[in-house]
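What follows is a set of structures to go through.
What follows is chain A paired twice: with chain B in the first complex and chain C in the second.
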Partner chain A sequence: MSRAQHTTSNQQLDGAGNGLFTIAAAVGGIGLITALILGALMDHGWDRFFRSYLYAFAAVAAVCLGGLFWTMVQHASRAGWSVALRRIAENVAANLQWMWLLFIPVMLSPWLSHQYHWMHPAGDPLLEHKIPWFFGMSPLNEAGEQVGHIPWFWLFRAAFVLFVWAILSRFFYRNSVAQDATGDVNLTHRMQRFAPLGLVLYALTQSIASIDWIESLEAHWFSTMFAVYFFAASCCGFFAVQILVMKWYHRSGRLTTEITTEHYQDAGKLLFAFGVVFWAYIAFSQYMLIWYGNIPEETTWYMVRQLGGWRMVSILLLVGHFVLPFLLLVTKHTKRVTTVLGLIAAGMLIMHAVDMYYLVMPTIPGDAIATAASYEELRDAAAAGLVEVNFHPSLMDLACLLGLFGIVTAMTVKRMARHALIAQGDPRLPESLAFENF
Partner chain B sequence: MSTIVIDNTFEDPTRRAPLVLNHHDFGSVTDEVCWVNESPKPPLAWYITFVISLSLLGMLGGLIMYLFATGVGVWGNQNPVMWGFPIVNFVFWVGIGHAGTLISAILFLFRQKWRTAINRFAEAMTIFAVMCAGLFPGIHVGRVWFAYWLFPIPNQMNMWPQFRSPLLWDVFAVGTYATVSVLFWYLGMVPDLATLRDRSKTKLRAILYGIFSLGWRGSMRHWHRYERGYLLLAALATPLVLSVHSVVSFDFAVAQLPGWHTTIFPPYFVAGAIFSGFAMVMTLAIPARQIWGLKNFITMRHLENMNKIILLTGSMVGYAYSTEFFVAWYSGAMYESFAFVNRAFGQHWWAYWIMVSCNVLTPQVFWFKAARRSIPIMFIACLLVNVGMWFERFVIVISLEQDFLPSSWAYYKPTWVDIGMLVGSFGLFMTMFMLFIRFLPVIAIAEVKAIMPEANPHRGHDHHDDDSDHATMEARS
Partner chain C sequence: MTTASASMSATATPQRKRKLYGLMAEFATPAEVLHAAKRVRAEGYRWWDCFVPFPVHGLDKAMGVKPTILPILVFGCGLTGTIVAVLLQWFTNGTSFEFWALVPVIGYDFMISGKPASSIPAWIPVVFELTVLLASVGCFLLVLLLNGLPRFYHPVFRVPSFARATDDRFFLLIEARDPQFYRDKTETLLRSLNPIALEEVQD
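So, the complex of A and B:
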């Protein structure tokens, strides 16, 4: 195939995004307003708001982070086949430039909600041990009473992390867009040179973020695998979104000749490899080692996720995030029928949201765990309703999730309309257009 | 043919660099690779290496006899370092094998065409490394005549292995790994064995290569079946890259021991395994391409790519070390913190710092282009990585020497038998490798041909594209 054949379809979004933009912005606005109203009306409404908001932020930020990771990997590995898709990742990742704005409620939550127990370390030896990590300087006076209330080090890290994400996503977005007009090969060199460094920074900041914002919700618990788990989850979120965006472009009559079935198949492979298999590998390794070791200080985290309604969520993840998509995606046929692949991707995006829910929302009924004689006793008590397992899915969760998802989607669509939908000036674009699976 | 030095390490996003240099037809490729097997005599370096390796192998055999005759007391293993050198060597060698599987399976699925020049001997290395690895648990069981009890074989006494033990999972994991690796390696070699058969000058060679090439005639139907089989085996081997070393890591991580029980172990061990494996591939490839004149196939670009993977995986290992250390403190678990501080500043501090400097610091030189392209630097760096990765396992295994019970604290010391067996295992590895180089095709001839521009059916027919575009449209890898 010659290049001329590929330049015929529409590479600009133009007005095609208007409908989605309006819907997404409306959903986002309504979602957030609903969440705020619920926060004011519900019992412990603001506590719930901040927790649900953190959940929604984690779910949405994970998708954007996956996009950033994938953009940099393509540059670091001089990828050719995927150039036609790269702008999707760049557009999704570019949200990280302004997502620090969305982080503000999370940043305020140590004061405005009770979700971070490490804010009140006095009298808890483990939390007192962790003071340097969260506060830097000790907030306790000599009598052991808490006098300081600003977790300096935690705030500093959050600022650092958000700054690095903004810089990285801006760098790769800007340079790629600049190349559209000029086709300047030096921009490719530039991005290739910085991508490996960017990946190092990414590993560092993503680990800090997942430990600081999510793992520390259960301030006594620890797992060396946690950051890797969050990374796997972010890959799942992004690779599902990537397929959905491809599908949306095609339905809007965009990039109809540039993005081919071959690209769908490979996008499906990525979802299969990272979002399904790698995720399951990490989740299994973490679970199995903690289950096998059976040390109380580690098992609490999983114990609460196996009580009451959380048990169903765990099983749903096992089946819906691994078994079912594994069986569906293992064959090439489902990956090449774009409607089927799109449906699977939509399912995986929902499972990503469930996964984040499972990660962020459960709170440990500490006393019940501490006093129970055995797991079986605890389980039976939970089943009989004698132990509060804190499984209360609420409209608030959905409102926050749709709120942030809507806003980020709207902003992404708006950005898509600003430039070409494909990296027009990338010197490896012809290779990507001619790409075929064997 | 005369060899002109061509720099194919250039960075030009508009075209893909040539991966085979100084060859413009398939015949000369076959000639050059087959020369390694067909030259009347191998180079002097081969004889020297082979004699040394064979002597070390002999020593290993002698030491095993001595071990069997005397008992495992000849090793430095003690309570609480029950495993000592044998498990260190086992994990080290299993790790080495991983590069072969990664190159042949994962890089194949990632369509990394440069893999074709190195996959054959990396796969061979995998098999020989797994042989070395399998040796150590086998001779460690004490009563070796019962070693077959490792397998779940029904018998009259109803003696079953402990299915809940990761050591048994290892038997399955490593067994599967060895089987699939051998199949993969052999399947890929069939077309090249047929080439050697067809070129045989002596009856014996013709018969032997003839038997092993399974009647390959290179027909369209053969190739079709072959490529389907190859793809399927690659897909089956891919999870093995992750699973084998994950199961090996479970040997440690399921235990409730500080320094061992940590959830990041599986991916951390896998990254470390690939890291050490690539270092070993480099250690073998750099001299081999020199001695047998394979620089047209294993080009500087190949070496540079491998150096990048070493940088990547070395940094992953560094990430795991730091995470472990951080969480040991963050957890507030005093035994965990003690284990890590003790590793770094306790009686075996030197082993820990050898590990960190070789595995984390050394590969960082590959951030610099000049280091990635300098043969002496990369060779030394890879040797250091080999050392460092052996010490990583050593550090993990012997961190038990100061366990929960201070009365059993001791200084773990290997005996001369321990060290002799470690050295001897290199003898086994290198002996096999030398025989492989001499008698089997060291480079996947058919696969290398497929990534040459000449393999592109459109070459020379499309007048709209200039020559550089062919590189982007090369045939499949």
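So, the complex of A and C:
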């Protein structure tokens, strides 16, 4: 029925992406140049630059990883409804091919900044214990002095992770694009065969990435939930971006008949399920076990996030990343009004950036915690500004974030213009076009 | 065999006088039933329904089915669960007052691993579980209730060909209690829609 009635609209981006490409590239270039200038001018500028860059890298990589995860889930589950949207995920995920380029500053940061304190394990029993995980071979001589300065195993894992991401995203992007022209059903079978293996590799690599690059900022701390938290955050980032891209296509007069209100509603459901509810579930699971156990090694991570300005960030996340979007997205009506859904998605993308800030930026004011008599005393002292809690939002953070986000957006838009905006050759496309929720 | 058992039951219970329940048209394709639904709705009928083997896109809209109030009720159930869970835990763990309800009921502020008696993080799992429990059980029961279920008998099952409503046939039934229902007029309307068959449904 609906299939017969269906008419096609413009499925090529053509010139419609030029404006966004120029803006994104300009914002990206200006952002990164500003960050470099600030790095040279600020006190401890390079330390700050590398930390802010890591923050921006985590936020942007999370969005691309969400796209890769989503592409593979569609193939593994042989989903029909989502085919009209899948090219968006493929285009976003395909940035992972070049993630190794964006990773270079993070790779250099163990030497050029002080953010990874596990680089100097000598004298710290816990860090000495973790030497094999970072260095492989011990960098200490028999007297216990540090002689080696290359974290071989850490570098090897980074190379492995970035290689796997590049291969996976390239495989699914290339095969899908090749199908546009031929409509060869064997390509679908091929992607379906590799998708489950890809998901296993994805789970492994994104766990390694989040633990090695973000959790290890506080190498004394440990949480088995951390990688899942990062996964939930990456889903939030991607599903918000997916809705914004859909909205942008429609505003540019692209895919106006292919992407329907039904697809918006489902994209909204995913943002609700993964980005709001699953994220809150995981965040609370991590929090409650540490709160209940009440072991100092574990609670310090949350302690610093409940002091001074970080306390406000935590509350902002609770309200803005869970309570408010939960109440807004729980009904189907907001998900079917595309302008409202677009605004919520934009808000969730901002909250994703706040979430990554909360994850990456805080450092533990060790002295203050060690000398405080009680948590209440420390909290009041921090609120009064008597304790340094390292909450210093700066232009550097924004410059890095907009810099990387601009560059990756420009890359994505350029890629979108190269091929059709929809998986034209997918045998399940008609099913997706005719899809209705009820 | 069937004749025998039919006559047996006829002698065992006195034959009830059958009442006309409605007129039912049978169609072969979803497009036809969709078209028929639009016509029947346009004629101003209110007590009528369609029976189809799978969800026919656009049928709800063509029939003018009103949106269900189920989501709002389920949200209310969930909210009730949240409030009950908070009050329950606040009273049992966070207070120590006593009242009589046939037997003495005493709140018991029990110190667990040095936490305050009213510890919101510790309450959340119970709040979550009770919210989900009441919402899902409420949803299950309300779905049955709003659909008029459980129901052990419906007159349409007297029509033998109705068995194909779960396979490959599409039915539209106009009930006799509809104020617009007139035996002849309604039959003319349904015949004009070219059904495969037109059945009289007896109660």
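Definition applied: the second predicted complex is superposed on the first by the 431 of 438 C-alpha atoms of A that agree within 3 Å, B and C clash if a C-alpha of one lies under 4 Å from a C-alpha of the other, contacts with A are read in each partner's own complex, and residues count from 1 in each chain.
The definition used in the following text is that a residue touches a chain if its C-beta (ideal position, glycine included) is under 8 Å from a C-beta of that chain, and two chains touch if they have at least 3 such contacts.
All of these numbers come straight from a predicted model, not from anything done at the bench.
After superposition on chain A, the partners chain B and chain C collide with one another.
When the two complexes are overlaid on their common chain A, residue A:Thr331 makes contact with chain C while staying clear of chain B. After overlaying the two complexes on the shared chain, residue contacts for A:Arg418 are found with neither chain B nor chain C. Of the two partner chains placed by the overlay, chain B and chain C both lie in contact with A:Tyr292. Of the two partner chains, chain B is the only one touched by A:Ser207; chain C is not. When the two complexes are overlaid on their common chain A, residue A:Leu126 makes contact with chain B while staying clear of chain C.
The partner that reaches more residues of chain A, of the two candidates chain B and chain C, is B.
Contacts of A:Val185 after superposition: chain B is touched, whereas chain C is not reached.
Comparing the listed stretches 149-157, 347-355 or 419-427 of chain B against chain C after superposition, the clashing one is 149-157.
Shared interface residues of chain A, touching chain B in one complex and chain C in the other, are 2, 288, 292, 294, 434, 438.
In the complex of the two chains, the chain B residues touching chain A come out as 11-14, 16, 111, 239, 242, 246, 250, 253-256, 261-267, 311, 315, 319-320, 323-324, 327, 330-333, 367, 462, 464-465, 469, 472-473, 476. Within the complex formed with chain C, the residues of chain A that make contact are 1-2, 284, 287-288, 291-292, 294, 330-332, 434, 436, 438. Chain contact summary for the complex, chain A toward chain B: residues 2, 78, 80-81, 125-126, 129-130, 133, 185, 188-189, 192, 196, 200, 203, 207, 220, 222-228, 277, 281-282, 285-286, 288-290, 292-295, 297, 426-428, 430-431, 434, 438.
The residues of chain C lying in touch with chain A in their complex are 30-31, 55, 57-58, 60, 71, 75, 113-114, 121-122, 124-125.
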